Structure formats: structure tokens, C-alpha cells
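Okay, so subunit A shows up in both of these, paired with subunit B first and subunit C after.
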Partner chain A sequence: MSTQAIESLSEDTVRRIADERDEPEWLLETRLNALSALETAELPDVIQTPGRRWTDLEALDFESLVDPLNQSDATERTVGDDEVVVLPFTEAFDEYGDVIEANFGSVLDPEHNYLTALSVALFTTGTFVYVPEGVDVEDVTVRAEMNSRSLFSQTLVVAEESSSVTILESIESGDSEAAASEGVDGDRYFSNLVEIAAGENANVQFGSLQNLDDDSYTYSLKRGVTDTYATLDWIESNFGSKLTRSDVETELNGDGSESQIVGTFFGTEDQHFDINARVWHQAEHTTADLVTRGVLDDVARSVYEGVQDVGNDAWNTSSYQRENTLMLSDDAEADASPKLIIHNHDTEASHSATVGQVDAEDLFYLESRSIDSHTARNMLVEGFFVPVLEEIAVDEFRDDVEELVFERLQ
Partner chain B sequence: MSSQQDELKETDTEARFEFKKEEKSAFQTEKGLTEETVRVISEDKDEPEWMLERRLRALEQFQEMPMPTDWPGQPDLSEVDVDEIIPYIRPDVDVRAGVDDWTELPDEIKDTFDKLGIPEAEKNALSGVGAQYESEVVYQNMQERWEEKGVIFCNMDEAVQEHEELVREHFMTKCVPPSDNKFAALHGAIWSGGSFVYVPENTTVDMPVQAYFRMNSEGMGQFEHTLIIAEEGSEVHYIEGCSAPKYSAFNLHSGGVEVFVGEDAHVQYSTVQNWSKNTYNLNTKRAIAEKGGRMEWISGSMGSKATMLYPSTILKGRGASDNHITIAFAGEGQDIDTGAKVYHNAPNTKSTVESKSIAKDGGRTNYRGLIHIADGAENSSTAVECDALMFDNESTSDTMPYMEINESKVDVAHEATVGKIGDEDIFYLQSRGLDDDDAKQMIVSGFIEPITEELPIEYAVELNRLVELEMEGSLG
Partner chain C sequence: MATLEINDLHARVAEEDGERILRGVDLTVESGDIHALMGPNGSGKSTLAKVIAGHPAYEVTGGEVLLHLDEEDVADIDAELDDEDYHWELLELEPNERAALGIFLGFQYPAEIEGVTMTNFLRQALNAKADEREELFEDEDEESAEADDDEGYETSPMEGPADDGEIGVAEFQEILSEKMELLDMDEKFMQRYLNAGFSGGEKKQNEVLQAAMLEPAVAVLDEIDSGLDIDRLQDVSKGINALRDEQGTGVLQITHYQRILDYVEPDHVHVMLDGEVVKSGGAELAEKLEDKGYDWVREDAFETA
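Moving on, here comes the complex of A and B:
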């Protein structure tokens, strides 16, 4: 047993969740298997160097954070085109039960670690997105509000051959007064698992924006696989939460497939971000591009791990990774570890990471143009995010991110 | 051992690095490691009581610490069985602290070093040579003019006797305590031989000081300790070279290096390591740099079955600086896990790391490095650059840097690239009349040139020769 046992968790709890949602038998079984996996599962790996543990997940008190039977959310799903299916699982089982059963847990193993197992055993919200062959949809949005002490969300995206879809999800905390009246106060826990299967020649862009209250803890693991010639692009934006552990991962399994992982974060006060981007090249002619930019103010702290793993059969691979952290405060801390694991010599791979502060010359230039120093600094911080904002193809999402950056700069 | 190997022709270049000698030792401890072994070593060396106590404390720490097994992707150490290692072998030489004239050495030992070209190197105006055959330094010579200036270069065992206060203060205390890691603890318990270098204030030793280590007995571990103290404003360049002949049982090399870089002093430490391909090379090397001090580590890792070596520098004083240059070359069955560690603990400190690695025939190289910038170390800067070259698909090339930045007024940059030998480059060279092997060799030489040009000429030549040997006949 690697972590605390949660008293309120039992087979009965899981059965009640499944019953209430009228779920098929196989899913109940998946949940129960995940529950029993908790006994042996480990917490996600955290980097540790002599004298320093980069993120302390063991300090989380799951007993008080997890309240499985009182989960509550308000989720709004909009679809521009009715050729695509965007439904909560409970409404999708009747018609798409087979597709769900075939794909659920196939990309992201529910028993991957303690937190994924916990999440699969207890999820009560989330979305099933099904894009049939050849369908091209631009704006699927899923906007969720968390209204309970804990919330477990599970999302599955199945994009069939030659389909194309752009999905944006966001999570924020609901009205805090309303929550308080329900007896929800203090620390909260949000868990978000996303799995994406991108079929042959499919094109999936998945954007995620997390802006929960600063008494929240967030765990998020998003993993996708690509078939031949598929493209899977992620945008992972983290602004909220006291502590965030976010992993975005792509397995490039099809020849000629591509993935881009764009990440942004902005930490203020005592926020802690543990941001991870990983890609496995497992087929020929695959391309990956990992770009993360983050800003830290006050006593905020960031941890970044990027992994580019090039397998033995991944001939003619191109793989790039860049990470830049901007420090606005003397008391902020940034740890970074960009890793290359290369097993095929027919590879062009590079990575880079930098940590620094706002360039003094740039500041001086702006001030000499009679811009006050605070405004000048803010302009430079906004400018720092431009290279990642440019990667966001959807205006609505870009505006949201820009707005949150702006908010933090006031 | 086979006498055939003694008769290998000098012209056989490969034999130059693979010959071995018949074991003939005056004293050999029992296999395995016990308190008794440690006491015997200490007694045989006639050491003061405090050194014995330090050894015993280190032994205790060694026995308590677990084997390091949880590093991501680390070399397999499951074959390392310390009980199988004979920790201390003193060659059969009458004089304990070495002889001063080359001709006094037994023919067998002289022959070994002749093949490695040690006396030639000395003739070429190196200022001092300490050659370690097995565990005792058997030959010491320091040119008189340095002795007159107060420069000390002697074997570590002698230093314990002759320079007791200096050694007592600096030996495995502030720099590399035995508690640092399991193999540092092992080293602390059974260390033997090595070099002691002391450079007084404002003294510049303008010729490199050289030591050559060599393992020659099967199943033997080598645990030499090097302690360098460079006082304020002094300057010294220390060179260490290692090579061992091949044996079927595995060897363990677990050396310790401690360097004290005084205020505004400058120390350069160069190593070309070519242990035989059954040696586990697990070293701890560390320097502490005071205000304005400058430390340079230059390492070439060519040999060994597995190497775990991360020379580290603690930039303790304001304005101290560090420069790491490393080359790793892993061929068949080799796992070279090496890198650099730098702690920026004071303002205005600066570090640069340049790493080049080559993996071929199923070998693995890994750059594993740590840059730590402490809170308050403002205006510090660090730049890390790693380039890796891969020859084939059986090989592995990893890069695992870690950066911990607790200060905002800093400039931190890390860059790494991995690539293969370009077909176009090879084609170009072939079109100029070179064959495939020569073309590849030339590309590799060009790849590591930025580093070899930093080395003193003798070492650059040896390194290039080793690279050539590695490349010979193995390319299709």
C-alpha cells in the first residue's frame, strides 16, 4: 500500500455510483477493478534529486479531500454541428455503447497509478466525443463548473478515419457562496482523465483550460494515441489551483503521425504547478513538438518534465522540445528537466529549457518611451506568451487565455 | 596468467591497452569486506588512529546504505558484489612510499608503464608523475623547482604521514563526506593510494601534474583518493589517466577526488578514462570553489562496462566559476552514464557545461546533470549544452538534465541535440577518396574537436588514439 486508504471508499460506494448512472456491467467491473488496484498502485512518479522532492503528492490528505457520493458539477456542452456526438456517458450508452466499450481504458490504463485508479473508480462527470469517419467539426466546447468537495471527470474522444475536430474544455469553481451553503469549504480535489484515439489521417485539437479556486488541488492526465498520418495537438493551460499535477502524453503509433503539446501556466501567490509533457515515437516518420511557457510571481513554484522517447523502430523521427520560465519575483522557484531517450539513430531531436527574468534592456527601452515600469513589465509578460498563443488556432480559446494572463498582471 | 600476453608485440596497437601482467603481490587481503579488513589495511599502512576511525565510520555508513537502484534509466549494478572485490593489493615493492628513480622499479612494472608511454610523457616536460600500479604509488618524482616553491605532490598514503594536519582537515570532511553515497562510503573505508597536491598562495604551477592509475589484478578494486588544495591566488592543472587490461571477473573502480579551490585560485582537473570493458567505474569527484575561484573539469570517458560519474562543483564564494567539458564514448556492452553537477550557492557565480557523447554498437550514453541555483545566488548564470551522436539502431542516447532554480535574477539555459552521422557528409568525404571507415572517423574527430582542443596535447593525442581504436574495424 503506497498511500492512505480512504475510509469512505468501498465496493458499495462504487456500486452506488454506477447504479445511479445506470451503467453497463462492463463499466462497473472496470470501476471495481480500479478500486481494488488502489491497494497496490503507486502515486505518480515525482522527480527527486539529492535533498529535494520536486512535488510532494504524498502530503495530500485524500481522506478529507475525497467525498465520492456528493459530487456535483454544472457542465455545458455545445456543438456547432450535429454530425458529431458530444454527450455525457450516461446519455451515450444506449446508442454508442459498443464504441465506448471498445475504447474506454484502451489509451489510458485505469490502473496506471493510484490517482487514475481512484478517478476511474469514482468518476461522475465527463464527456464522450465521437467523430465519425470524414466528419469535420470546428467548435466543440465543454465548460464545466465544480460544485462539490471532490469531482472526478472522465473524457473519451474517438476520432475516426479522416475526421477532424477541435475540442475545448474548461473547468472552474462554481459560486463559492452556494458551495459554502452546501457545506463545501476548505480544500477540494479535481481529477480529470482524458483519453483520445485519433484514427488514420484524423486531426484532433484538444484545448484545456483549468482555472479553479486556489483552495483546489488538481490532478490531470491526458493521453492520446495516433494512427497513420493522424495529427493530435494539445493545448494545456493551467492558471488556477493551489497545487496542479498535469500530464499530457502522446503515443505516436502510426507512421507519419504528428503531435504538438503546447503548455502555458501562470503561478501567483503560493501556487505549485507540476507540468509534464511526454511523447513516445513508436513508428516511422513521426514528428513531435513540445512547447511550454510559464510565468511565476510571488512565491509560486513550477516543476516541468518533458520526455521525448524515440523507440527502436521510429526511423526518421523529428522531435523538438522548448521550455521557458519567466520569473517575476525573487521568491519564486522553477525546476525543469527536459529529457531525451533515443533508441534510433535516424533521429533529429533537440530540446532546450531556460529560466530567466524580464530583460532589463527591454524594460529600459519601454521606460525610455515614457511607459511606466509596471505597464512595461506587463507588456513584456504578455509578449512572452505570444509564441504559445500563436499556436492556439481557436480565437475563443486564445481570448480566454489572454484574459487570464491579463487578470493576473493587474 | 598467460605468458603469451607478455610477449605481445609493441607494434600491436590494441595490445597496448590490453596486456596484463602476472600477479605478484607481497600482501593481499582476504576477499570480502569486514571491519577486520579495514583494520588490516590501516595497520599495514601504519596510519594514525584518526584515519582508522574515519575508515571504520565510513564502513558502517557503507553497510547501512542501500545500493542505488532507483535512478531513472541507471546502469545495471546488480553484478557489483563488493565481497568479491579484493580491496587492497600492494605490489611487491620494498619501498612503501615509492621509489624516486625509474630504473629501481621491478622490470615487470616498468614494462607495463613503458607500454603506456609514461616515461615518455615525463620526458616531454611534465612536471611530475605519480604512477599507481595496483594500490601503491610506486614512482614519484616532482621537479625540484616546484618543491622549492613549497608545492607538494606526493602519494596520498605518504601525505597522511608527512602532512597530517592538512589531510586531517580536508580528507573526506567538507567536500566528499562518506555519507554522500554508498560508493563514497566504500571508498572512505578502504581507500588506498592516490595523490596529494598542495599549491601554496599565489603560486602558479605552469606545467601539468600527472598521475596514471592502472589496475592489473583480476577481481581487484581500486579506490585511490586524490586531494588537491589550491591556496589563494594559485593555479594548477592536474591530469589523471586510467586504463586497465581485460579480465574475466569484473573490476570495481571507486575513486574519490576532492578539490579545494581557494580565493581567486584556478584548478583544472583532466581525466581520460579507459578502464577495461569489465570495470564498474563509480567515482565521486567534487570541488569547492571560494570567492573568485575557478574550477575546470575535463573528462573523457571511453572505457568501463558501466560508468556513473558526475563531477560536481560547489560555487561557494561570490564570483566563483565552473567549467565542465565531457566526452563519453560507449561501444558494445558499455553504459556510460555521466554528466555534471553544479551548485550555485553565492551571487555572481557562473557555470558552463559542454557535453559530447557518441553511442555505437549497442552502447548507451546518458548525460545526467544537475544545476542548482540557491535562493540569493543572484546574477548567476549557467549554460548547459549537450550534443549526442548515434551510429546505429542498437545504441541508445539519453539526456536527463535537472534544473532547480530558486532565484529569479538568473540566466539559465539548457540545450541538447541528438543526431546521426549524416549520409551526405560521408558521401562528400568518400567522393574525395576516403573510405567509409576513415570518413566516419573523421566526422567523429570533428564532432569531439571542440573538446579535444581544450586538452593538453598529450591527452588530446591519447584521446584521439582511443577514439580511433574504438572505431577501427567495427564499422561496416
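Moving on, here comes the complex of A and C:
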């Protein structure tokens, strides 16, 4: 399959983006390579069931969605501690050029697929986070607002030996009037690539909260690798957008390393979520825990794929996966596909997925205690999210998720 | 003094060709009285309990379920009341409205609800009851004006209801501690999720606790004594007696066993067979059933029929 060529894309476009940002030569080359990879790169695989391709990425009209030279965002980065570096790439090249060059693209191959290549060729925003050896910081926040028709974001996190960091990012649509005055209306596209290198014994938590307006299509691939004894925990929350394709992946490359991927989503109206969580056990004594819960109302749809891949050398692996989707409407649709691939028998593993409706007996129980049916249903939905919220160690993030769940239940 | 009056109640399972289960039940329960409803499996006891509470799995095909209230049952209501406010046809009301009027169903198998703490649930229920009562009894011309802001709730139940003066935190805690002590329940219960992972006995204690908190006019307790060890049976019995003695609740207790009746002495005993109440009597009737089973009741019923 070849994806349509985008006319506004040319070597010239990419050079202009790199020039404006005063980027080093190696990055320009990386971008140009990504650009030429577009000719052969494929769109990400999507789940197919008989007679149905759940997420039709091919239907995305990139020609009208992608406007590379007019990207605009307002991004606020806060850091609790000045031992950690949190900068836009443009401000980081001078001092940290070597670290960036050594790590950029090492975790997430820019040419992984069509959408990653497009994103690397065109990104104009994003964040470089560098946590030097032994540094421990809790509150790094990155709050981004998208103000253009398309926006490509690239984030690189390098956590050195025995460092510890919690990073919370959020993405929302900017003021719609401001966008309209810039001539932005109709469908929009947000692309978000995140790569994380968790060094030996490092501890990284990365939470992402997507709440874009319902005219937005979004693609997000977040990928991390763990060195020996490293821990990498992800929280991936999707509430907004018309269509979201989200992939969160960890390669457990170091002995004794661990990863948890916690996901939440809540779809209303005709929202579509394609949620993916994957982990590769490639060393001994590694542990993975994939927990996702989502709610669908109206005619919203979700498709979930979870993969636990236990490699030949992954002795003494522990790997758990569970996904639950709660349907609030007869017209909502969900498909779930938890996959467990085991190449090493020394593994303790479980995987499960359920799709169900609000339990009628639970509802009646609450109603029989004077609680009206609407409130009772909402209590059950909020209760449904609690087991995943309990996995979220960051209070601030948990509060934000609760708030968004609450908003959607009104 | 409230009265629950059931007249010629017929109900069937709410599906195509659903089984007819209740075939003309007549039963009256007055507040302050304890009634035991006994009968063999499949006679319709649990169905009766659920139909009174408004369970959607059953369709009522005939009869009425009336709740009559008097002044003391509406002492909390400020609005001006007319005769209609004292007499309700429960079959026309939603389950939560029936509950707000003072009907409590103690479940044989209480639902386990993950993610909703006991504290949160009980406060939500108490406030919902107060709100719902206000709505049920308010003057009709006020009703339409308030209909708009009827949707949803103002705060997340995760955070607990807003402290809008209905039931203050301190008052709530005080009442709760007192009731829990009576039932010999540990305060740690309140931080647990509603019935989730509770033992059979803990669930039944919790049903009685909820009845104590909600202060119903009539509590229908469906096999509240099943699966209890003797200590817990005594705790639960103490709780049921307190409902009657302290709150004047009328109790309709569905049971298979004489055992609980040693601790909760019934004023009236009824026997249900094939979807009807076929015999009523005093406490001695339960003892006779314990000794002789139900066959003689069936024979009696046949003879008179």
C-alpha cells in the first residue's frame, strides 16, 4: 500500500522548518530521511474483524489536514527543580546537543511507519527532558495548546542512572475563536511522538492527557526502553478528539526492569478510540502490568489491542494485562484483542478483556436506596474507573481524570 | 404510623410468556409491627419483596400496593400537604421514589459495587432521600418551575455530596457510629467499597445498617438470616429489633427458618404458597411450621378453596 503524496510536502518545506529552528545538521538529515521514507512507509496496522477494518486511517485526508509551515502551539513547561532540564529542542541544542543526538530516534525509529515519518519530518514543537544521574524530580508538567490546523510534536526523555522523574503532559485545543481568526476551521490533525530512555535503576512516570476538540484527529506513539532495574510507568488518558489512534509501548531490555501501562478513555457522540498497549519482555526477571478501562456512550467506538511479548531470553517473566470497556448505550461499539505471545516457558502471565454494560442489579440496588437512576448510573461509571485511578500514583493527574469523567457524565 | 397495604397483587416475569409468580397476594404491614413471611422455595416470597420495591424484572398484571402515611411520617416536610400526600400507589412510582417514601428492601443477595465507598454511598443515599421527598411532597405548581434543574448531581459522588445543609458531616458520622456499634460493625467498613469482598454475614449486617440509616416506614428483609453464624445472627437481630423499637419501622421479614424468630419475635406470621398468602397467624404459627412443615398448610388451603 502506498499512502497518497502530500503536495505541500517537499524537501524545501522540511529545510525551512529546520532552518527556522536553527537545527543541527544531523537533525535535518534525520528529517529528510524521514521525508523520503514516506514514499514506502505503511500506515500502522489496525485491528480487522471479518468484514471490518475498525480504524480507517487510510480515509484520513492528509492533503487537507497537513499544513506544515503554519504550525502553532502555546506550550507551558514547568519544573519543580532546576537540576532537571526541560526545554523545547530549539533551546537545548547548544548545551545538550550531544545527549539529544545520541538518543533521538534510538527508542522510536522515525521510519517506523508513515505517521511517525511524517511527524519527525515536520515536528515544530515538543520537549526535551534530561534527568542527570541521581536527580529526583516529581513535578515536570508540559501543558500544550494546539492552535493550528496541524501540529507535530516530538518529545525525548533521557533519564540517567538512578534518576527519578514524573512528567505530566496535556494537550488541548486552543481558543477556537483565535484559531478561526487564523483561518483554521474544519478538521485538524495532532501528532505526538514520545520516546523515553530509562537508564539503569531509573524511575520514570509519564502521564499524558489528551482532551482535544471533536474536530481533531490524533496520532500518538509513545515508546520507552528500560535498562537494568529501571521502572517505566505510563498513564495514557484519552477523552477528546474525533478519532484517536494511541500506541504506548515499552521494551523491557534490562534485567529486573518493570513497566506499567495504565489507560483510560471515555467516548461520547461519534468519537473513535483505537488504543494500543504493548510490552516486550527481552531480559530476565522483568515485570509488566497493562491496565486499561474505558467507557463508551452514544455511538462512540473503541478498539483495543494489548500485546505482551515474552522473548526467548526472558526468564522469570511476570506479565499481566486486563482491559474493560463499559457501554452506556446500545449503539456504542467496542472490540478488544488482548494478545499474549510466549517464547519462554518461565513466565507467569494473565490477560483478559471484557466488554459489558452497566449491571441492572447494581443499578436497582442503588435506586432502592432512593438514588435516582441517572445519578446511580453515574456513580457506577465513576466507580468503574476507580480501579485504574488507584493505579495512578500522581494525585494531580488522578484529579484531572476524575474531573473529565465527571464532566462527561453530566 | 404508616401502613403498607397489598391487595390482590399479581405479577409475572417481565418477558414474553414470563412465568406468573404472584397470584393474588393480600398482605398488610403496619409500622411498629414485625411480620414474618414464610413459605417453601419458589412460593413467590422474594418476588413479592422485589415487586414492592419496583424491580424491573417483574411486571405487575393486577392489584395494588398502597402506602398510607400519617403526620409523623411527613414531619420533615415543610410544604402544605393535601390528602393525596398521605396515600400513595407505589406501583406508579420509580424504585427510588418508593424508597424515599419509606420502603426499604433488604436484599437476599446484595450487589457488590466496586469503586463506591460505603461512606460515599450512604451519604449519597441519605441526601437523595431528602431531595426526593422534597420533590414528592412539594406543591404541584412549584414542580414545573424546578423541573429544569433536575438532571444530574452537583458534585462528584467520589468526593461525596456537597455539604448543602441536608446532612452535615459531623451529624452523619455520629448517627453512623451509633448504628454501627449496635450492629457490632467495625468502622473500617466505611472505607471499603460497597459490599465488594464482604463476607455473606457482613453483607447482611450492611443491609440492616442501611435500613437503620435510612429510617424506613416499612422494611422488607429478604432472607436476612441466611448464611449467618449465631453471633452475627444475634447482631443482625438486635439491629432489626432496634428498627422497630427506636424508629417504629414495620418489618416484613422473609425467612425459611424459625431460628431468627427466636431473636426477632414476630407479631404476625404469614405463609405463602404458589404465589398467594394462604395462612396468617401469630408467633405460634411459625413454631408449628417448624415442626410440621408446609404440607398441612397446603391441605388446609385446598380444603377451604
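The criterion applied here is as follows: the second predicted complex is superposed on the first by the 409 of 410 C-alpha atoms of A that agree within 3 Å, B and C clash if a C-alpha of one lies under 4 Å from a C-alpha of the other, contacts with A are read in each partner's own complex, and residues count from 1 in each chain.
What we mean here is this: a residue touches a chain if its C-beta (ideal position, glycine included) is under 8 Å from a C-beta of that chain, and two chains touch if they have at least 3 such contacts.
Remember, predicted model here, so these are calculated numbers, not experimental data.
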Contacts of A:342 with subunit B and subunit C, given as first, second, both or neither: first
Which of subunit B and subunit C A:134 touches, first, second, both or neither: neither
Touched partner set for A:328, first subunit B, second subunit C, both or neither: first
Which superposed partner A:80 touches (first subunit B, second subunit C, both, neither): neither
Subunit B versus subunit C as contact partner of A:409, first or second or both or neither: second
Partner chain in contact with A:52 - subunit B first, subunit C second, else both or neither: first
Which superposed partner A:361 touches (first subunit B, second subunit C, both, neither): second
Footprint overlap on subunit A, comparing subunit B with subunit C: none
Subunit C-facing residues of subunit A, complex: 359-362, 364-376, 378-380, 382-387, 402, 406, 409-410
Subunit A partner contacts - residues on subunit B that touch it in the complex: 73, 370, 372, 375, 388, 390-393, 395-421
Subunit B-touching residues of subunit A, taken from the complex the two chains share: 47, 49-50, 52, 312, 325, 327-357
Sites on subunit C touched by subunit A in the complex: 53-57, 94-96, 98-100, 104-105, 107, 110-111, 113-116, 121, 124-125, 128-129, 132, 151-153, 156-158, 193, 210, 214
